[in-house]
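The chains carry the letters A, B and C, assigned in the order they are written, with residues numbered from 1 in each.
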């Protein structure tokens, strides 16, 4: 009874407020906040983009134009000669075959390193997540803490180990080094991923009679494509961009691209060809940049994985 | 009865076998390698490692070398500035991007792309942009400001800041992404509550949001610090340690001693000092983070 | 009754934490046993031990007379259904059903025949080519049951299979599981925290707490003669009402602040009558009101504090002095806050628990 009386009374009151604000609150597109926000972001974005722009522009100019003009100015006359030269003719010391050979060195280093490190880390992460055994967590903890040890501490012992194995100065030695140093982050990545999958799935597979490898290949692998993609992105960019291990564990013939690039640009002989240098720089950055722009969110997930707690 | 008694050693055999690479790496490379280097830092190793014990001589010589002292000073200046600026820039950018802006993906992509590039590439690009003959200084002078001087890579006094500019450009995107993830991970009801209570946004950030993001800050801090201590390629590519020895850093000192100057003992001692530096940061963090809850590790 | 599963002196500890304590259990051939308890009581752990998914610390497990304590889960002759369905997302329904049979090395024709049979029983034939992602919750759980069904085993284990479903589906699927059991007549062990599922499905219920079985009996027995105060409170909603008082005159009367009740008609357990402090419990549905209350041996004056109409019946919270009681009355009764209400009950329907041991007297 009480309710029946209040409802018409309420609608009466609402009618009294005709003419007041109604509907969505008006928003100004150019509020002070928005001008500040977008203005700042625009400037920041330009600042971050400039180096890439300068690289590209410089690599497309002739040397005389560079000497006269300004590094931000777009090229008056576009030339691809610096690119050709960087790829095929630029000199590192006495060797003047450009970056091409070193590009293939990097490919030969990166592909097996990525495959090997991901196989080892994914199986290991799976064992840690689903088949806990005594001592597993201790070794895993050492592995994770090992990731914080400065590489410099382990550089020379590894030199000795590779020398004993006859792999020092060889591409395959570098592959082993990349597999070792990729292991902490990748194992963490895979362990956390497999641990996040419902445990009941694993139990169901055991009731269904699948063993260690059966569960890995038939049940888990098919549902883990995203995490493998993240791992590939992480490893390809990391290994391609490596300089330290390349310069320590390979010889002049087997240098990866980053080492060769540094040698080309920072060589003190002759005239410095800035356009060729920048072309070489872009060529070296091309693989990780392509991966970055194509992979988008997965790249972010890969680097965020480094911040995930164990 | 029908079932066979499972032997403890062979149980989970597949799991144990697949953990062998991890066990070998953990024990022989990480623990063994580190111990080996520390032990040999007390020896008179030169071209080759030699087990001739000389106590703390290498360390005394290290701390008496001007190049090492400059390297440490540079690491301190670069490290502290990097740490403060990368956090300030990274957090502010993340907070701006978190304002439900349009073109979020574009902005994020542009700010993060430097992180996809190697330090070598970063160093070389900024070497070019900061080149006084052609780069920023030249342009400002061309615009009529004849006395404008900005040549960090040619001025020993400020050379390390030239490296800092490049390092910030390369690394701030990473911090931004981690901070943004942290901001997004915070319960949106916190923002609703502070709006209802009429608390200004900046106060909400400082007094509520940032304290809630403590775990993100700590993990980012650990990542950034270990990255700073390892800085090597950037220096080699951008300045080569120069002008003179103005931008030397410990990692480069270690490399040069071990592989160029045939002075392994110095390299071992210097790298052990780097390890100590990292341990000072990482060990307290580890105790704080994992010490209290051993059982679920 | 021949026993299908026998558990002897089972112990399980994780480090210093004892999860299952010296547990013994016999489950008959074709029996439907429900393990019931609140979370953390060890019921799922016990099921996982039976399945072989957890290694026991001590004790033995026999299934169909065979000691399976050290056997792999797939060799124990069990099928298992999980709460989250645990279907392999990348395989079709058919693939999910055949995965275990393929691992066990069955021939193609045998596999096809078994899938066919199970699909008919569960009416999932049209779904065979679909992937789990394209199924509804109820369909997924049916496939999960199918996965146990094709194994053609004597023992089915259910780990809270209906908890992820909404209320309506849960009721439907519950009935289907009961039907399935009637039809297959194999042993089923069913873990749940839902007392309605337990009461409706079980031949016997095992109520667990802190890794021990408190009472193992038929649903009716557990409802009517709970072995302890904990069981009495756990079963029934709203919970049993308790009077705090004292037994006197060699078990002839019970004195509390609401008065002294004659215990004429109450059946004491094996221990017989004992004087001393005790709880007297009576279920809300065993309390009569109004004229009916006048016929009861024990009668009390109460006032209505609060009324909760549920439709089929109405729950009334009444006050006797400052003691609160829940009373369940007919849904059509007119009762309002503040009304005076006569209530009464028969001591034959009550349960009395010792104050210190909390066991039924």
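Note that in this section a contact is a pair of C-beta atoms (placed from the backbone, for glycine too) under 8 Å apart; a residue touches a chain by one contact, two chains touch by 3 or more.
For each chain, UniProt lists the protein as follows: A = Carbohydrate ABC transporter permease.
Note that the coordinates shown come from a computational prediction; the quantities given were computed from them, not determined experimentally.
Undergrad: Of all chain pairs, which one counts the most C-beta contacts?
TA: A-B
Undergrad: Suppose every chain is reduced to the average of its Cα atoms; which one is closest to the average of all protein Cα atoms?
TA: The most central chain, going by mean C-alpha position, is A.
Undergrad: Just the number, please: Cα centre separation of chain A and chain C in whole Å.
TA: Taking the average C-alpha coordinate of chain A and of chain C, the gap between them is 53 Å.
Undergrad: Mind checking the centre-to-centre distance between chain A and chain B? Centres are C-alpha means, answer in whole Å.
TA: Going by mean C-alpha positions, chain A sits 16 Å from chain B.
Undergrad: Could you grab the centroid distance between chain B and chain C? Build each centroid from C-alpha atoms only and quote it in angstrom.
TA: Computed value for the inter-centroid distance: 57 Å.
Undergrad: Which residue numbers or ranges of chain C touch two or more of the other chains?
TA: 75 - these are the residues of chain C that touch more than one other chain.
Undergrad: Listing for chain B: what residues touch at least two other chains?
TA: Not one residue of chain B touches more than one other chain, so the list is empty.
Undergrad: Of all residues in chain B, which touch chain A in the complex?
TA: 11-12, 14-16, 18-19, 21-23, 25-34, 36-38, 40, 49, 93, 96-97, 99, 101, 105-121, 124-129, 134-135, 138-139, 142, 169, 173-174, 177-178, 181, 215-216, 219-220, 222-223, 226, 229-230, 232-233, 236-237, 240, 250-251, 254-255, 258-259, 264, 267-268, 270-272, 274-275, 278, 282, 286, 289-290, 297
Undergrad: Per the contact definition, I'd like the list of chain C residues that touch chain A in the complex.
TA: 48, 51-53, 72-75, 78-80, 82-90, 99-100, 103-104, 147, 159
Undergrad: Using the touch definition from the top, list the residues of chain A that touch chain C in their complex.
TA: Residues in contact with chain C: 198, 200-201, 203-210, 214, 218-219, 222-223.
Undergrad: Show me the residue ranges of chain A that touch chain B in the complex, using the header's touch definition.
TA: Result: residues 37-38, 40-41, 44-45, 48-52, 54-55, 58, 66-67, 70-72, 120, 123-124, 126-128, 131-133, 136-137, 139-143, 145-146, 148-158, 160-161, 179-180, 183, 187, 211-213, 237, 240-244, 247-248, 258, 261-262, 265-266, 274, 277-278, 281, 284-285, 288-289, 291-293, 296, 299-300, 303-304, 306-307, 309-310 of chain A touch chain B.
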